[in-house]
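Take a look at this one; I'll ask things after.
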Amino acid sequence: MNESRSPVRILASAGAAKVIRAELSRRRFLSFAAAAGATGLLAACSPGGGTQNAAQATGGALESELSIYTWGDYDAPEVLEAFTADLGPRITLSSFNSNEELISKLVAAKGTSGYDIVVPTGTFIPQMIENGLLSKLNRELIPNIEHMDPAFLGRAWDPENEYSICKAWGTTGFVYDKTVITRELTSWQDFLDAAQNEASGKTSLLDDPAELTGLYFWANGIPWTTTDPADLDAAEDFLVNTLAPHVSAFDSYPGGSAIPQGTHALLQAWNGDARIGMLESPDPDRWQWVLGAPDTEIWMDNWAIPAGAPNPEAAHAFIDYVLEPANSLAELDYIGYHTGATGIEQAAKDAQLERLDLVFFTPEQLETMHEGEVNDAQQRIVDIWNNTKAAAGA
Amino acid sequence: MRRSPGFALAVPAWAWLVIFFVAPVAMVVWFSFGYKPGIFGTHANDVLSFDRYVEALSPTFFATFQNTLWVGVAGTLLCLVIGLPVAYWMAVKAPPSRRGLLLALVMVPFWTNFLVRTIGWQVILAPEGWLSSLLQGIGLTNGPLDLLYTRGAVLLGVVYNYLPLMILPLFVAFDRVNGPLREASKDLGAGRWRTFARVTLPLARPGVIAGVLLVFIPLMGDYITATVLGGAKGNMVGQLVASQFQTAQNWALGSAMAMLLIIVIVLTVAAGALVVWIVSLPFRARHRLVLGDPPAPPSPPVPGPSDTSATPAGPRETQEVAA
Amino acid sequence: MNRRSRSDVALTAWSIVVFAFLFAPIVVIIVSSFNSGRLLVAWGGFGFDAFLSLVEKPAIRDAVWVSIQTGAIAAVVATVLGTLAGIAMARHPGKWVLWFAGLLLLVSVTPEIVDAVALLPWLVFLGQDLGIGLFSDGVVRLVVGHSLFATAVVSYIVRARLVGLDAQLEEASADLYAKPFATFRRVTLPLAMPAVLAGFLLAFTLSLDNTVIAAFVQVSGTTPWPVYVLSALRSGLRPEIAAVSTIMLLLTLVALALVALVLRRAGDSATQIARTMTGH
């Protein structure tokens, strides 16, 4: 840390390159002089472009501060440190516990929240755009987006990546204890069957309404964003009356404790969380990971800049910085989720990271992962979730 | 006429709560008469109705409330039964010079973050955890322990986290009954149990009431404590309210549910108070009689049958045991 | 052995068991802080890695510091407000007490999430629309949020301490022409002291653990510790979370040892007063 901060930058060539690049793009933009056009081509071709807030980044000098509002412990500390050492802005981290909390905060603050970067999950982005909570990215300032795998750009919530870029993405599957469930499970149908048999009273589900109803929809070939009342009624009937009595916990992060402690035999889990749990289990061979099949979800946490961000230049510089392949790998290694960068799979293999089968998926598998959405069924699935919990707790 | 107006001292607290509680919460109460506009809005009040209250009165609400009430009552009683002897010991038996320290020691475990200390319990109680290994090691059980995610675990989590809210008010109440009054009772020939039952406990009653309320009321609205060790069995009604505000982003319904919850809890407390009042009615007269006795004049001690070692022995013995 | 000492021994033994119960998970956490593995709950060998990694994570240090600061200030606010209110309720009973106790009951019975969604826009309104800059400060906002329930708690405890205790000492003091403030400071407050102390400790503890309100009212850079911990679940809690707890516990114990002397004196004087009061 001290080394890279010292004026002699012989070893810190990557960092030096950054400074030079930032400097170059700054000059380029100053010479553009056409400040109005600075939001670039994307702004020009999008309908909402005219309402952009004045504090947009133009490639000017970086501010001295950067405030990031994200999930706790969600970024590699060495990347954050190197950013400050290389480019200057001092980073302030704040944490939120849910997207709803983040949105309430931005809505209430009316553009004065003071955050420069937020990390919402994809399904919440349309709502944030609709309510004017996000400011458009100046993609000119984020050239490193070229390192991103197109598969993880242009997802449903932000088809043109005008407001957001993938920070990390994951999917849902399950983990089972092979000493309790001796047959092979391969699909959500198997999961539901095992939950009612071998794993009855030893089953843990994700504590989230979308993944709870999703469990039923994926197993039965129904799109999990359905708003059809008949589908929702069927899901409720099954979850409340059939599945709930066998469920012993609703836990969104079983990998952090339930898997290494062996408290359940069958656990619905996100891939990165399951990976940590299995890696850290005293008896890793006991556990089997299964990607949700035939269908499952893809969720994505995204870099975005809130409207009214006080330090937009630094925010763009930071997003660009983390997209750099080396930093992307450091982030993946630290949190255990795919960052969406191209070629990162090979890099991760070269770095000898473990259990990469829970991080990288084949294009065929990717085909079976569907985006969620917040739609008219939201209230209904929350009710189903509450009713299922009430039935499981009775 | 020497007295200042009675409530003057309460004005700062009153003002603080009006500004930072009544005003903002009244606004949320107002939301409960509105509705949720579209999928991206949280509340709107241009059309007013009681529809959200009708929605809130769902069978799930009452089923969940039943579970919550069970946890609340059982948790509060357990806290009282476990905490009362400790508070009594701290206030009466422990050496006075150490009481402040003991008081602080009751709180110190709770300066470790809630989630972290809960994880500590998980490590102890897990099937392959410390307790399980210990019990299997000494041959008390042959299989892994199955304690987590049971009703027992729900109560353990609740009792653990709410115990200080019971012990501290009890301690404060016992502390004021310290020494002289009990000595007087004994001097007058009352046995230790009689002294405890007739003098100490009645005087400590405000403390018991404070402790019971401080545990029961927040516990009824809590939805995290019971679930972290108890899993699905610890499902609480507060979760319903929170899920409307958070996941459903329906502040109108959430607010109506919160109002409903507040009303139901207040009614429960009122019903509980009524029951206690009726049950204690026959005892009331006798307590009054004891309390009505003038504080004992310094009379020569009348040694009772079990009273040979007199009061000073208490603390000293305790000290030895504790050391 | 007579009955007296046997029941005393039982009482002491029970108390020791309960204290052991209170500290049991804390012992686990202390042990876990020397875990060099990736996850807090899974042992990966002995080491000081967790403590070292704190050095490179300013976010953790900031969060802990915000919590301690907020806890202390919120506890002072709640203790002052609650003590005054508790004394008033115990010493000047009247119809107003019913109303005030009703308000306190409402404060404690209102679900935290309601306080949270209510306070956030309210504080923004005070801070930005009314231009009272104070309310845009993160620590101030947290203190306000944490002080509500804590004020009710302190009021209950102080009232429970004083109610039913004879006011004769205060009356005597007034009869001797002591000014009301002198009576308050020299007589009432010392009588209430154990309750004030207990209330302060509870208020501090409640503030230290507040997650729901804190998450909503915090501003950039003032994430308190419990919000950080809950939020860090997403990537799996690391042993460094336990290391923070161990350090805090150590500091607490050192501070307690220092304060013990002071408390000892305070304890004596409280007993003294109680004696004086009952005429011994």
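Observations
Order of writing sets the chain letters: A, B and C. Residues in each chain are counted from 1.
Throughout what follows, a contact is a pair of C-beta atoms (placed from the backbone, for glycine too) under 8 Å apart; a residue touches a chain by one contact, two chains touch by 3 or more.
Computed from a predicted model, the values in this text were never measured in an experiment.
If you tally contacting C-beta pairs for each pair of chains, B-C comes out on top. Ranked by separation of Cα centres from chain C, the top chain is A.
With centres set at the average Cα position, the gap from chain A to chain C is 36 Å.
In terms of their C-alpha centroids, the spacing between chain A and chain B amounts to 40 Å.
Taking each chain's centre as the average of its CA atoms, chain B and chain C sit 15 Å apart. In chain C, 40-41, 117, 121, 211, 229-230, 233, 237 are the positions where the chain touches two or more neighbouring chains simultaneously. Residue positions 119, 122-123, 245-246 of chain B each touch two or more of the other chains. Among the residues of chain A, those touching two or more other chains are numbered 101, 104, 257, 261, 282. The part of chain B that touches chain C in the complex is made up of residues 2-10, 12-14, 16-17, 20-25, 27-28, 82-83, 85-86, 88-90, 93-94, 96-101, 103-124, 130, 160, 163-165, 168-169, 171-173, 175-176, 178-181, 192, 203, 206-207, 209-210, 213-214, 217-218, 220-221, 224, 238, 241-242, 245-246, 251, 254-255, 258, 261-262, 265-266, 269, 295, 298, 306-309, 313-314, 317-318, 321-322. Those residues of chain C that touch chain B in the complex are listed here as 2-5, 7-9, 11-16, 18-19, 21-29, 32, 40-41, 77, 80-82, 84-85, 87-89, 91-94, 96, 100, 103-115, 117-119, 121-122, 144, 147-149, 151, 153, 155-157, 159-161, 163-165, 174, 180, 194-195, 197-199, 201-202, 204-205, 208-209, 211-212, 225-226, 229-230, 233, 237, 241-242, 245, 248-249, 252-253, 256, 259-260, 263-264, 266-268, 270-271, 274-275, 278-280.
Taken together, the chain A residues at the contact with chain C in this complex read 1, 67, 69, 71-74, 77-78, 81, 92-97, 101, 104-105, 108-110, 112-115, 252-253, 255-257, 260-261, 272-273, 276-277, 279-282, 334-336. For chain C in complex with chain A, the residues that touch the partner chain are 37-44, 53, 56-59, 62-63, 117, 120-121, 124, 128, 211, 215-216, 218-223, 227-238. Listed in rising order, the residues of chain A touching chain B in the complex are 98, 100-101, 103-104, 107, 126-127, 130-131, 204, 208-209, 244, 247-251, 257, 261-263, 282, 374-376, 378-379, 382-383, 385-387, 389-390, 392-394.
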